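Before anything else, here is the set of structures, which you'll find just below.
Note that chain A is present in both complexes that follow, paired respectively with chain B and with chain C.
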Partner chain A sequence: MALDKAQYKDREFLAVIGDEDSVTGILLAGVGHVTDPPDSQKNYLVVDQKTEDSTIEGAFEAFTTERKDIAIVLINQHIADRIRTKVDGFSAAFPSVLEIPSKDHPYDPEKDSVMKRVRKLFGE
Partner chain B sequence: MSGKDREPVFPTRQALGIMKSKLKGAQVGHDLLKRKSEALTKRFREITKRIDDAKRKMGRVMQIAAFSLAEVTYAVGNNSIAYQITETARQAKFRVRTKQENVSGVFLPAFESFQVEGASEFGMTGLGKGGQQVQKCRETYTRAVETLVELASLQTAFVILDEVIKVVNRRVNAIEHVIIPRTENTIKYINSELDELDREEFFRLKKVKGVKEKVQAEEEAERQKKKKSSSDKENEEEAESKNVLGDEGDEDVIF
Partner chain C sequence: MAKVDSSTMGTETTHDTLPETYDRLDNLWTQYLQLLDDYTVAQANIQKHLAAGFLSLTQANFQSSGRRYGRDFYDDRALATARVVVEDDGEVAISSKTDGDSSDGKGEGKEETEEAKQLPSPSPTPEPDKEQGREEEDVDESGDPKEATQKSHITDPRRWFGILTPSSLRSAQHSFASAVLDECNVGKAVNAARAMKDIEADIRKLRKAIKKLEKGAVQT
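Let's turn to the complex of A and B:
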């Protein structure tokens, strides 16, 4: 129902938005992918103190709506907090957005957009 | 009752039959959809529980992974490894594919991770020192990402099920609160109209019968009178007595 095979057939990559350590670790697992030139797009974004919110939003937008080959978007929770409205506003099934903890910021289930929905559904 | 919320049909017996079968169909459909919605909700609760657990597990796994990365940084001695890794990423080795799982008519996608064959990309990483740690760290992170993929498929299933359950519940409610009452209304309307027609018909028949009886009674009275007078003057008006109204041979008119 409500689900088209074309929606997810070609999705095979993971994308990462995170701080340096998280991105390094996840890329080490072999996730990193750069599309063929000329428009070589990376599927990861390293965020530090100097990164603008607009850059994060742009990357999030690119991974979630523009690119059709990404199945899962991993984003550090403290970075998701910076673009919280965008993350909460994203409700499509594909790609699925996953908030992950980072080294310095332990995971807080209260903030997770999916966990929020879970709690809302059970009326807590 | 007559005007509000019913289907635009003529009150005929045929339409009544159609409406009755429609009502039956709506009830069966309602039952089925309700059961489907219950099955999906059960599944949905299961998934939310698993998500809850998986999210907590993810916290631990990521912590271990971060620690192993810290070991690598320590072993290598400086932070150049991060640049090395981010810059050498070219082709993804770790990818996911989607397969489908069918839960009472709903296709839920599940991600499945797989490794693309070929030489490992980070073969040169940590060549100088800390190679062993890099290897270990990579394994740890691979496992961590696998957990994440698992969690992501649960989450996708959650999002899709949420949507589907909403749609199914909307349908159940539409049937329960709109289609069934409306069909029942239509059936009531048709029945009352048909009853009305029956009553009209009955009344008219009664009326016709009444008129006929009156006429007959008059005729009878006339005849009696004639008989009386004819017994006085016999045979004189015999021919006339038969045909006072002149309506012999006329058929009764029935409307």
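Let's turn to the complex of A and C:
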């Protein structure tokens, strides 16, 4: 399907929202990027027990809406669950949001927003 | 991967007969199920690679006696080597700028052997003049010292954790890189999910068209 080039021409980075091990692993793969100062922006967020849902929502919003250089957002599924309404409600063509498992939380297709869409289509 | 065939889209429904519309809907379902299979397989691959990566990372943390390979070591000047290229049709491909060295374990091994070879044997008395000369040479080789600094930032993220990292950390890096960079993993899952979204809209359009045609057929 033809897309408006303006939507994706500058999108070249991946972003990750996850627990410490997931982010460390993904950054080891060479994904980590910090933009030039003065407003150095990171393309990752480490989420732990103390992280507020509003912080996760803010990072998700920044990666999906504010920043125009992100093409793919990887998010741990158990963290996506904490902001489920936002993740399921995101329908823009770019960036793509992909739910991935973490060390302690295996991937569950029942919770995946893509698989939810599939079930909805079959159930209609 | 199954691609969305624009000729089967639901935009031509008005001129089609009911059987033709059914055929087109069947075609869309075939494509959709193929994409669903692609997505499921890609997710399974991602899980497999990530699980291997988490295991190796845990081993590395265990071997490091109290040191944890985590956020305390992230480089605040990191530059991404994994980049996404978006094609005109919206398909994405993820590539590594350092393909052949830092992205795969084999290249890393080579690099390390070379480093080991270059290391001078420890001499009892340091030779400051010689050392200084070597540093100057390094700067001259790359031309601009700024460029040299920039280059040093685009290095292997494993270096954030030190020069002598355990082999389990290297194998964790290899597993995570496979999960992200291999085209049959993240890239495939993303492309399949996007194509599925497009087909979902077309299937809904065709379903509506079929309902209209069926109503028309009943009335006549």
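In this section, the second predicted complex is superposed on the first by the 121 of 124 C-alpha atoms of A that agree within 3 Å, B and C clash if a C-alpha of one lies under 4 Å from a C-alpha of the other, contacts with A are read in each partner's own complex, and residues count from 1 in each chain.
The criterion applied here is as follows: a residue touches a chain if its C-beta (ideal position, glycine included) is under 8 Å from a C-beta of that chain, and two chains touch if they have at least 3 such contacts.
The shown structure was predicted, so the numbers you read here are calculated from the model rather than taken from an experiment.
Aligning the shared chain A places chain B and chain C in steric conflict. By the touch criterion stated above, A:Gly30 is placed in contact with chain B and with chain C alike. By the document's definition of touching, both partners, chain B and chain C, reach A:Ile72.
Across the superposed pair, chain B and chain C both touch chain A at residues 1-3, 8-9, 11-14, 20-34, 43, 46, 71-72, 74, 91, 93-94, 96, 98, 100-103, 106-107, 109, 112, 114, 117-118, 121.
If you check the complex, the residues on chain B that touch chain A are 48, 51-52, 55-56, 58-59, 62-63, 65-66, 69-70, 81-82, 85-86, 89-98, 105-107, 109, 111, 115, 120-122, 125, 134, 137-138, 141-142, 144-145, 148-149, 151-153, 155-156, 158-160, 162-164, 167. Of all residues in chain A, those touching chain B in their complex are 1-3, 8-9, 11-14, 20-34, 42-44, 46, 71-72, 74, 91-94, 96, 98, 100-103, 106-107, 109, 112, 114-115, 117-118, 121-122. On chain C, the positions that touch chain A within their shared complex are 4, 6, 32, 36, 39-40, 43, 46-47, 50-51, 53-54, 57-58, 69-71, 74-86, 88-90, 92, 94, 96-98, 102-103, 157-158, 169, 172-173, 175-177, 179-181, 186, 189-190, 193-194, 196-198, 200, 203-204, 207. Looking at the complex, you find that chain A touches chain C at residues 1-3, 5, 8-9, 11-14, 20-34, 40, 43, 46, 71-72, 74, 91, 93-94, 96, 98, 100-103, 106-107, 109, 112, 114, 117-118, 121, 124.
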